[in-house]
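Here's the structure we're looking at; comments come further down.
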Amino acid sequence: MNKIKVGIINVTGYAGVELARLLSQHPEVELTSVTGRSTAGKKLGEIFPHLASLDLMIQTELSEVDLAFSAMPHQQSAEEVIPLLNRGIKVVDISADFRLKDETEYPHWYNFTHPTPELLKEAVYGLTELYRAQIASARLVANPGCYPTGAILALAPAVKAGLIEPDIIIDSKSGVSGAGRTLKLQSHYSEANEDTTAYALAGHRHLPEIIQELGMLSPGQSPEITFVPHLLPMTRGILTTCYAPLVSGKLPLNEEGEEELKQLYQDFYMGEFFVKVVELPPHTKHTWGSNFCLIHPTIDHRTGRLIVVSCIDNLVKGAAGQAIQNMNLMLDLPETTGLKSPAIYP
Amino acid sequence: MNKIKVGIINVTGYAGVELARLLSQHPEVELTSVTGRSTAGKKLGEIFPHLASLDLMIQTELSEVDLAFSAMPHQQSAEEVIPLLNRGIKVVDISADFRLKDETEYPHWYNFTHPTPELLKEAVYGLTELYRAQIASARLVANPGCYPTGAILALAPAVKAGLIEPDIIIDSKSGVSGAGRTLKLQSHYSEANEDTTAYALAGHRHLPEIIQELGMLSPGQSPEITFVPHLLPMTRGILTTCYAPLVSGKLPLNEEGEEELKQLYQDFYMGEFFVKVVELPPHTKHTWGSNFCLIHPTIDHRTGRLIVVSCIDNLVKGAAGQAIQNMNLMLDLPETTGLKSPAIYP
Amino acid sequence: MNKIKVGIINVTGYAGVELARLLSQHPEVELTSVTGRSTAGKKLGEIFPHLASLDLMIQTELSEVDLAFSAMPHQQSAEEVIPLLNRGIKVVDISADFRLKDETEYPHWYNFTHPTPELLKEAVYGLTELYRAQIASARLVANPGCYPTGAILALAPAVKAGLIEPDIIIDSKSGVSGAGRTLKLQSHYSEANEDTTAYALAGHRHLPEIIQELGMLSPGQSPEITFVPHLLPMTRGILTTCYAPLVSGKLPLNEEGEEELKQLYQDFYMGEFFVKVVELPPHTKHTWGSNFCLIHPTIDHRTGRLIVVSCIDNLVKGAAGQAIQNMNLMLDLPETTGLKSPAIYP
Amino acid sequence: MNKIKVGIINVTGYAGVELARLLSQHPEVELTSVTGRSTAGKKLGEIFPHLASLDLMIQTELSEVDLAFSAMPHQQSAEEVIPLLNRGIKVVDISADFRLKDETEYPHWYNFTHPTPELLKEAVYGLTELYRAQIASARLVANPGCYPTGAILALAPAVKAGLIEPDIIIDSKSGVSGAGRTLKLQSHYSEANEDTTAYALAGHRHLPEIIQELGMLSPGQSPEITFVPHLLPMTRGILTTCYAPLVSGKLPLNEEGEEELKQLYQDFYMGEFFVKVVELPPHTKHTWGSNFCLIHPTIDHRTGRLIVVSCIDNLVKGAAGQAIQNMNLMLDLPETTGLKSPAIYP
């Protein structure tokens, strides 16, 4: 049986190498081509010894494949992706280049003019649980950012149900791998170890994505979102804590209300393999290395606020894993293929 | 010259041992007596090799001292402290036993009936920057909790100035030492490492303390506070991120407003040695091992919300350091004596 | 198709839970029964949320299975294992209870008299690469200790080839999970974080195992081994650095000698899926979560000493993974079944 | 009273910034001038917020001082230091440029020809405990490397006493700050975290320094030293484990021999404030942030080998602290001035 051929553009970042790891275990597709910039001409196993068995040479150009993942930085990704689409290759783009529907957001948030605004309309936002049908028939999927994945999954049921006022605080805590493999002082071990900090207080690039998607879920309302990301001394994981006032009278502010809330979340995610509504506050470690998202909704009885905590592995459900989940749909494979591994604990 | 004699009740917890470290460098007082429970009869240096030079035996009962620190757990601390006060010894209590003014809070939050409600009125809440004068003349100081220290210092200027609506979210991130030296699964290395989680979503014991103190600063208003603590994979440090709606019209939602805000904070903390209003989001590592609190107030232009981030070392400004700051005042010593060391970095 | 039924005794330690994780992904066997002590009666997913999908109740007694893993502490493990053998159940014992051939070692190193010395002869030492054939036909396999796995694999080719004098230094560095899930001060986060120490300088329990096995490889010689384990602030991984004088004249002390040495190691491990002889000093992270062992042999030109560095994940190749590798052989399944996942990086 | 003026060349590396921290607390000297390369013109507190109170501008050239520390990289340090000496300024050089007595070692190990070989004879090797008198009258002190400090202090008593054969294995484990503040992949958080590795197996630059100094202690013998450094996932600390065969008959291989050994070490270090011979295997954490070196010598009874474990904070006793210890001597101040702080724990 011939496996479906897939490739990775820019395999040497953390999203790229995680894609390679997950694809190496996928039973239905074969990773046949990977590209890199400074590392072209080297064996993949030279750079990443744990992938030595893949026996792939890093190339400058992608070979013929059925589907490609782009793990390029923004702006450059669009430049790589457009020709691939023209060659008839399906693409899952892990960059931000096709996530925002409004082209005017790109100059503001990403400092470039989008080269193909028409593709923004065509591209499907790849939060699988929300756009499953459209993803299945898409030729271009914009894989969500790591923070938006955790935040939107945490808030979608409440927003959709009109349970909360549009005054939302999203306080996210991320491991350092989210800052990428490019060397920078904030990711230097002795600086990041035994430290935590808030950053991007003036507005993080993932904010417009969160606003766009939560807005879609509550037409007519424009959510007022404050989003503050934090850097934590760990490699993987994002924990997102969301706060919003409950619409008065929607839920009793007691354990019964909590039960109703939990039921509403469970109904929303019924049948989802990768999203689990959990009884206790989840730990990022419970998702380590896996494609799962754990969500714990609760009520602050004293203040009538909704609190939702979600956990993901930023490199899996927040990047490479969700990209493969989307690929499975695009290739008409069962959505969970190659992604069922539980977290590694401890 | 004879140094003033001080003692520590329950030196073997992390607050106790940090007190011993800081006192060992103090030029005006001498640590002459320390007590412990299971370790009584051992040399302090056997349990804590870094303090071997102190040459103290761990006792069951405190010897005669001029001032005592209690680092006992709540409820037991009151039992130890009351006889000391009766003997005429000044006390800084690091437990929660004298922090809350309303005795009815103790059964609810701490599960015991307070033995001496009259002392709750007398005790001074030891957030030095807010109660300096009262501390100087107190015989009993209730040293604040680690979370309240970071949260109250972050919010006091805004609350006092009537800048924010009383809808406050406090999202705190703490290192594991805050959970103490007592063995528990959540502090087991392989569980806590490379992990983060939210906890006490139904209400943390430090909440009433925060409500009490922020309420004092805005008489007539009852702040609606949601407080969620998080555990981070690091030993020391608390970063607190606070969110609240600005009262409409008080500040322009732009850089000018940010400048005004910063100025208001700087005025509030003018002359304070240990509290610094900083230009950039602070790092917990910038306070590591020191008694400093760094505060960064800013405005979310889009939503009109105040965001304030503060950092402390939970064992120093959040416990032992602030206790010594209070001791200095109670003993009529310069407030910063023995506490001026900068953070250790990296 | 009916899967083969397997069980785990004491699933709640780190070796046990890692067995459950790996078995949950195994295509040919089904984990049908797990036991625990204090946790009996709870669902496995209550204790370990990442395994919630297994839907197993923790029992006090093992149900009927074809093969059982014992992850009990030493002495208690023998008590559990012996009745199982009598019931005709094959056993892989992860404890030390059947590793040592000489029963007189047990009182000395483990402080108990072995209940069934005759089984010590029958039990096969489960270092798969050395005892593959015997394991395949065994009913009782004594899974090696984590340190011995790394040390013996590092030294076996050199010892077997008579390349080194019997003066061996083994300096091992282990992550904290090796100390188990039982609470103890040395594994308390704030103590173990940002710390390293040597321990068991008077003799670690894994030493007799290393002496026994290296002695088997060089009959007539009695290796003089110094073994010092160290605890490192990380969860998983053992890095072992071995030093021994080369027998004079066996290898030129230059790059040519290094090439010969590498070739000798590659020949020794030819065809092995899980043992890789690598060109550069390996990182424990390159084995994280996987069953691989990476070995880097080299020569100190100046002193004529062999240096060999090996890396494993202590919970996988050092415990649960190797146990399943052995199970595969005992059940006549391909040795690598369910174990091929590469390391998770970063 | 006028304080003595001192300066730091290249304050922005980790040794430089640690010097600045320690000097900021020194009662007898004042840090009046610091230089940097890319950061010249900025305030020190901009780069290192914990030092904001120092109120120093980073310069390109050192102002007039009585003594200067050079924290420049090797080769460049000599270029900076020589003119200072000519200006009559005393220098403690933290680089390797004046550590080796034999100029022919520089091209081999450091890849440059030494510009002033005559200064190699004059420079005093700044391991304070071994060269106290010479340091006191020196105008140029070559501060030891971090690894040599731990290794030489661990072995000096045994070597000096002729206790061991000259076959020495030194296995060192260092925190990541030892690799400096310059960005590199091996110090990138996600790479270094939860990882350990051996490096420089072909010969580390600190080896000739160790050979030179241990050779000085045992004239007539040329020690055969294998030195392998390892990188550990922590910021600070070096633990060094040393192994060597005891000269036959020198010590009984039992507890009595251990007592004799300990006594010999205690006698050697009698009166030393910063070196402590300890009863139990020391932890790097017991030296965190302090200038102490803890040493634990013991005997492997089975093999007749000496094992010595030592711990230091690589940035303090291994760099900045020892440099100030030397400065104190050179300025005729009590050796421990400004350096007595105990470790910070936990």
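Note that the chains are named A, B, C and D in the order they appear, and that numbering of residues resets to 1 at the start of each chain.
Basically, a residue touches a chain if its C-beta (ideal position, glycine included) is under 8 Å from a C-beta of that chain, and two chains touch if they have at least 3 such contacts.
No experiment lies behind these values; they were computed from the predicted model shown.
Enquirer: Could you tell me which chains are in contact with chain B and with chain C alike?
Expert: A, D
Enquirer: So which has more C-beta pairs touching, A-B or A-D?
Expert: Pair with more contacting C-beta pairs, A-D versus A-B: A-B.
Enquirer: Tell me, please, which chain's centre (mean of its C-alpha atoms) is farthest from the centre of chain D?
Expert: Following the centroid criterion, the farthest chain would be A.
Enquirer: CA centre of chain A versus CA centre of chain B: separation in Å?
Expert: 38
Enquirer: Return the distance between the CA-based centres of chain A and chain D, expressed in whole Å.
Expert: 46
Enquirer: In chain C, what residues contact two or more other chains?
Expert: 14, 175, 177, 181, 190, 193-194, 233-236, 282-283, 288, 346
Enquirer: Can you list the chain C residues touching chain A in their complex?
Expert: That would be residues 14, 17, 21, 24-25, 48-53, 177, 181, 193-194, 235-236, 276, 278, 280, 282-283, 286-290, 292, 294, 340-346 of chain C.
Enquirer: Residues of chain C touching chain D in their complex?
Expert: 167, 169, 171, 173, 175, 190-191, 193-199, 201-203, 224-226, 228, 230, 232-237, 239, 241, 243, 245, 281-285, 288, 296, 298, 300-303, 305, 307, 309, 346
Enquirer: In the complex, go through chain D and note every residue touching chain A.
Expert: 14, 175-177, 181, 183-185, 187-190, 192-194, 233-235
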